[in-house]
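What follows is a single structure, and I will ask about it in a moment.
Order of writing sets the labels: A, B, C, D and E. Residues in every chain begin at 1.
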Amino acid sequence: MPVLEIAVKFGIYAAMGTVLIFALGVVTLRNLFHCALCLAAALIGTAVIYLGLRADFLAGIQILLYVGAVVTLVIFAIMLTEHLAGKTVRQNNSQSLPAVIGLAAFVAILAALIVKTPWPLQAASHAKISVMEIGQALMGTYVFPFEVISVILIAALIGAVVIAKKDNSGEQS
Amino acid sequence: MTFGWGVFKGMMVTLKNFVTSYACKRDNGGIFTVQYPEEREKEFENFRNFPFLVYDGTPDKVRCVACGICERECPTKCIHIEMETDAAGKPARKPAVFDIDYGLCMNCGLCEEVCPFDSIFMDCAFEVAAAERLDGLVFHKKALLKSNEYFRKVRPALASAIDQKRKAAEEKKKAQAQPPEAPKPQ
Amino acid sequence: MDIPVSEVKKELEARLPDVKLRAVGNSLLVENPDDLPRVALFLKENPKFLLDYLSSVTGADYLSYLESVYHLYSMAKKHGPVALRVRVPKNKARIPSLVTVYRSAELQEREAYDTFGIIYEEHPDLRRLFMWEDFEGHPLRKDYAQEDSETLEAADIAWLEARGVEVPPEMKEKAKALEAAGQRAVAQKPEKPRN
Amino acid sequence: MNRILGFFDQIFVSAKAWLLALLGRFLPDWVVVLASIVISGVVILVMGAVIMMYLTLLERKLLGRIQNRYGPNRVGKWGLLQPIADGIKMFTKEDIIPANADKIIHLLAPIVIVVPAFMIFLVVPFGRGMTAANLNIGLLYFIAVSSVTTLPIFMGSWASRNKYSLLGGMRTAAQMISYEVPMTLSVVPVIMMSQSLSTNEIVLAQSGCSGLHWFIFTPWGLAGFIVFFLCATAECNRPPFDLPEAESELVAGFHTEYSGMKFALFYMAEYMNAFTLCGIAATLFLGGWQGPFLPSWAWFFGKTFILICVMIWFRGTFPRFRVDQLMGFAWKFLLPLTLINILVAALWHFLPPVWAWLWSALILVISFFILVKLNINFVPEKRVYTLES
Amino acid sequence: METIPFSKNTDTAEMLEINFGPQHPSTHGVFRMAVQLEGEKICGLKPVFGYLHRNHEQIAENLPYAAVMPYTDRLDYVNALTNNFGYALAVEKLAGLEVPERAEYIRVIMAELARIVNHIAVIGFMLNDLGAFFTPLLYAFRERERILDIFEGVTGSRLMNNFFRFGGVKHDLTEADLAEIKKIIARFPAFLKEFEDLLTKNEILCMRCQNVGILSAGDAINAGITGPVLRASGVNYDIRKVDGYSIYNRFDFQVPLGKKGDVYDRYYVRILEIRQSLKILEQALAKIPQGEIMNKKALPYLKMPRNFKPPVGEAYGRIESPKGELGFYVVSDGTPQPWRYHVRAPSLINLTALEEMCLGQKVADAIVILGSIDIVLGETDR
C-alpha cells in the first residue's frame, strides 16, 4: 500500500514540524503556563512520531510519563505559585549570545558524529520489537542499570519527602 | 466493626429506597412526588392564600361596608379602599374601589381576623401567577368579589359557621325591629 | 429561676462600693458606663452568681439618651436573668465593650453600633454589621430620617430618564421643589414623644 | 441456534465487512482502509455522543428513584427526549467568557478534553472482534491516554482566572496523579495472568466455564477489581471522589466559568470517561464480552451498564471525601493493597489451585485488616452520648 | 466591597483570599464568608452579614403588637412556629396574660413538631454540604412533608404559620389532627433508623465529621453559643429545662449531650433530640385536655389589635428554638406599638465562634462547620 506508507511518512514529517513549532514555543513564549502547555504538545508530538515509527510501547510510555506525570507536575508547580501563572516572563537574557554559540558548536559536533557513524541501512526498519522483548531486555540484559536507576529514584523520593517534612514541621512550630 | 460496613449499610438503604420507589405506594415508602398539574395535594379547609371579598347573591350585594379596618390593620399595607358616594355625595356604605396588591400581600390572614362584617376571607386559590407585576397582581374589586357559594365550596366549615352567625344576627335584628309575634310561615 | 435585682444590687454595693447603681424596673442601671466591665466581670466570677453567659446585648433609643441593655444568665447555676443597663447621651454615645468579658458580645455590639451608633470602646472589630460601610445614619434611632422611596429626587429622575423611562410631570415638579429647598425626600415619621 | 446467535453476535462486524467489500469493488485499497477507519471513527463519535446523552438521563432517573422521586419524565415518554431538550438548551445558551480569561486556552480546554475521552474508545472491545484498533499495547494506551485528561482540566481551570476554578484544578491534579498509581498497579495482576497488554487478549484469557474464569472470581481479581473501580470513580471525578467540581465547596470547580456548549463538552467528556472506564473494568475483570447465550456486545454493554449503575448508586449514597483524606486513601490504603495484590497474583501463579485460593485469600484479608489498623484515622471513633435530665 | 480586617497580612505569605458567598451553593442563603487560604488550609475567616437585612426590628416598632406576629414567621423561616412562640411568650410576659391549658399543649405540640422538622432538614442540608447528592435531604423532606401537612391543615400555611396569638393560639387541633400526629410519631422511629443506617456509621461521614470544627465547652459558653451546638460541646443547657417555660416542666425528657463538640457530635445530638421531641409529643398527646384555646381576656384584641396596649415596661422572653436561644426583648410605652423590639437571634450569635472552629481546617470543613451550626439567613440578618 504505497499510498498509506506515503501518508504515514508525511504524517511523521508533519509531526516533526509541529513538535519543532511547539518546542520553539516552549522557549519563546512569555507566559509560563503557555510554555508548559507547549511542552506537553511537543511531547505528545514526539509520541506521535514514535507511533509512526512503529514504536507503540515507547509512545505509550512517553505519553504516560512525560505528559501524564512530568508536565502535570510542572503545571502544578506553576499553578501553586499563583504569581507566576499570571505574569509574563522574558525568556532571553544577556547570555543568549554565548548560549547560541555553544548550541551551534554542539550541533556541529552532533552533525559530524551523525555523518561519520556507519548507520545500518534498511536493517531494522520493519522489525517490530514486542513488549515481551523490551521486558526481557530490561529484566535480563540491562537489569543492573535498571535497578540502579530505581535506587536513584527512591533516593530522590525519600529526599523530597524529607525536604517537604522539614518545611512542614518548621511551619507548625 | 469492619471497615466498610457502614458504607455498605448506607448503600443498602438507598437500594431499598430504589426498590420501594417502584414497588410501594406513596404512603409507605414509595415516590412522594406529586405530579402537579395532573395530581393535586389534598386541600385543607384552613389553608389560606390571598384574601377575597364575599357577596351574597349578586355582586352588588357586597358585605363589605368599606370601613377600612382591614386597610389599617394590614401589616404590609397592601389593601386600598375607597368608599362609594351616592349622587348627593353622601357616603354609601359600600366600597367603590377595593384593591389588593397580591404581590405585596404576605398571606397572614389578619384582615380576615379583624373584619367585623364577615366580608373578607382568605382564599385557597393559589394559581394566581401573572406576567405583569402591577397589571397582573393588583387585584381590583371585580376580581376580588366572589360569591358566598364559592366561599362555601372552598371553606365549608367556616362558611357555614359564618352563615349561621349572620342568620342569627339577622333574625335578632328582625326580632328587634318588629314586635314579637308568631313566626311567619316561610 | 429568677434572681431578684435587689439581691444583686446589695451584693454589688457591698463588693464594689464605688460603683453607682440604680434599680430600674426589673433591671440594674449602671450609672457610670465605665464601670460596666467591672460589674460584668464581678457577676461572671462571683461564685454566688456565676453569670457566665451573656444572652443578649441591645441598644434602645429613649429620645433624650441611648441605652444599652445586657441580659446575663448563668449556665453553671442555671439561673437568670440579670439585666444590666447603661445610659449614655446621644452626642457622646460611648460605652466600654464587653467583648473581653463575654465574646458573645462581639456581633451583638456590632449590631447595636450599626443600628444605634453606640460606640463600644475597645471592641476588637467595630464595623457595621448589617449596613454597608458608607451607609449614613443609624436606622433604629428614633430621629433617623428614612429616605422616602415613593418620592423621586432630581438625581433619580435623571437616572430614570437616561434609561428612557417617562416620569410624570408632577413628580418632576416635586423633585424640583425639593432640590430648590435643598431637602432630601424623607419619609414622614410620626414623632411620638413617648416614655 | 448457534448460527442465529453467531449471526447476532457478529452483526456489526459483518455489516462493516460487507460495506467495505462493497466499497472494495469500485475503489482502490487505500480508500477502503481509510473508509474502514472513517466508519469506525464515525461510529465511535456517534456512539460517544449518544452514550453521554443517555447516561445523563439514566443518572437522573436512577438518582431520582434512589431519592424517592421520579426524575425527568415530562419530555417524551419516560423523559426519553430529555437529553435532546438539554442539548438544545445547551446550544442556545450564551457563551460567556470571563473578561480576564486567557481566551484561547479557555476555548481550547473543552475541545481538548473530549479528545482523550474519544480516543480511549479505540481500544475498548465492544464485542467479539469489535475493537476499533486492536493494539497490542491496548492497556498501556488506555492508561497513557487517560492520564492526558489532567491537562485540559488544568487549562480550563487556569484560563478562567477564577479562584474556585484554580482550587478545583489543583485538586484535580493531585487527585489524578495519586489515583493513577493504584489504578495502574491494580491492572498489573491482570497483565501478569493474561500475559498480554492487548485488551482482546485479556478478554480471551478469561474465556471458558461460562463465566467462572472471569478474573473477578479470584481473590486477587476481586481485590484488583475493587481497587480499580474505586480508582476509576476517582479518575472520572465522580462522587464520592468529586472534589475537583465539589459543588458545595467550589461551586463547580474547574468548569465554574464555562457555559453553554463548552460546559456541555466538559460534561460529555466526564460521562464518556465514566463509560469507558466502566467498560475497561468490565473487560479486565468481568470477562469483557464473554458470556453465554447473549451476543457478545450485549454482554459487554450489560456489564458496563451495571458498573455505571453502581457509580450512580455511589453518587446517590455517599458524602464526599476531603482532600487530605482522599490522598491518604490512595497512598496509604489502596497503594499498599495493590502492591500486596501483585504479590498474591505471583503466588497464585506458582501454587497449586486449592492452596493458591487459600493463601491468596488469607494474605489479602490479613493485609486488609493490617492496613485498616494502620490507617486508624479512617475508622470511625466510637462515641458515647449521655442523656441528662 | 469593603476590606475585611484579617488578622494575618495577605501580602507576606502566598495566600489566596476567597469569598464564599454571597452567591454560593452552600452558604444557605446570601451569606458571605471571606476566607483566607493557604493552599486548602484556612488561615482567616470573617463572616459578612447584611445581604438579607430588612430591618425587622424597625418594621416591628411601627406596627401593632399583633401585626408583628406574621413578621416573626419570616425570621427563621424553617420553623416559624417556634418564632411565634418566643414572641408570644415575651408579649404575654409584658402584658401579664395567662394561656389556657389546652392552648399550652397545642403550642408545645406544634413547637416540638417544628423542632423535628428543623433538625431533620438541617441534617439533610449538612449532608448536602458534605457532598451527599441530596439523598439524605430528600429522605428528610419526605418525612417533613407529612408534618408540614399537619401545619397546613391546622395553621393554614406550611411555612409562614402565623399561628400563635397573645393568650392562646389561632386554631384548635381537631381529633383528626391529633390522630394524624400520632400516626406520624408512630412511624418516625422507623424513618430515624433508616436515616441512621444511611449516615451514622458511614465511614466517609465519620471521616469528614469527627474531630472537625471542635468547640470546647468553655469557648462555647463564652461566645454565647446555644442550642444543639452548645449541647454537642457537652454543656447541659436546654432552656426548656432551665426556664421550664410554657408547660415544659411537666414533661419527662432528657437533654442529649455530646463530648467533643465536633461536627459529628452536633449531627448526632440533633438525632437524639428528635427522639426526645418524640417523647415529649407522646406525652403531650396523651395528656392534652379539652377546653378553651384563647384567654377570654385576650379575645377582644383579636378583632381590635390596636386596643392591645401592654402596660409600660419591658420583657425578655426566650425559648429554646431548634437553633438555640431565641430571645425577644420588647419594651412597651403603653401605646399599641412596641417602643423597642429586639430579637436575640441564635443564628447570628452562634456564628461568633465560626472563625475559631474553622482555623487550620480545610476549605471543605469550613462549609460543613457552617452547615453544622445551622443558620437561617432570615434570622441572621433580620
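Points worth noting:
Note that contacts are C-beta pairs under 8 Å (C-beta built on N, C-alpha and C of every residue); 3 or more make two chains touch, one makes a residue touch a chain.
Predicted, not measured: the structure shown is a model, and the values here were computed from it.
When chain centres are taken as C-alpha averages, the shortest distance to the whole-protein C-alpha average belongs to E. Ranking C-E and B-D by contacting C-beta pairs places C-E first. Seen from the C-alpha centroid of subunit A, the farthest chain centroid is that of B.
Distance from the subunit A centre to the subunit B centre is 76 Å, each centre being the mean of its Cα atoms. As a whole-number value, the distance joining the C-alpha centres of subunit B and subunit D reads 55 Å. Averaging C-alpha coordinates per chain places the centre of subunit B 40 Å away from that of subunit C.
Subunit B and subunit E have Cα centroids separated by 29 Å.
Residue positions 80, 82 of subunit A are each in touch with at least two other chains. For subunit E, the set of residues touching two or more other chains reads 16, 39, 135, 139, 142, 198, 201-206. Counting partner chains per residue, subunit C has no residue touching two or more of them. In the complex of the two chains, the subunit D residues touching subunit B come out as 62, 65-70, 313-314, 316-318, 372, 378-380. Looking at the complex, you find that subunit E touches subunit D at residues 16, 18, 24-26, 37, 39-40, 127-135, 138-139, 142, 198, 201-208, 210-211, 236, 241, 253-260, 264-265, 268-269, 272, 276, 362-365, 367. Across the complex, subunit E is touched by residues 1, 25-27, 52-56, 58, 60-61, 69, 71, 75, 78, 81, 83, 102-108, 111, 115, 125, 127-133, 139-140, 192, 194-195 of subunit C.
Across the interface of their complex, subunit C is touched by residues 2, 5, 49-50, 53, 55, 57-58, 61, 219, 221-225, 235, 237, 242, 312-314, 316, 318, 325, 327, 329, 331, 333-335, 339-340, 342, 344, 348-349, 351-353, 381-382 of subunit E. Of all the residues in subunit E, the ones that touch subunit B in their complex are 63-64, 66-71, 73-74, 135, 139, 142, 145, 149, 152-157, 160, 162, 171, 194, 197-206, 302-306.
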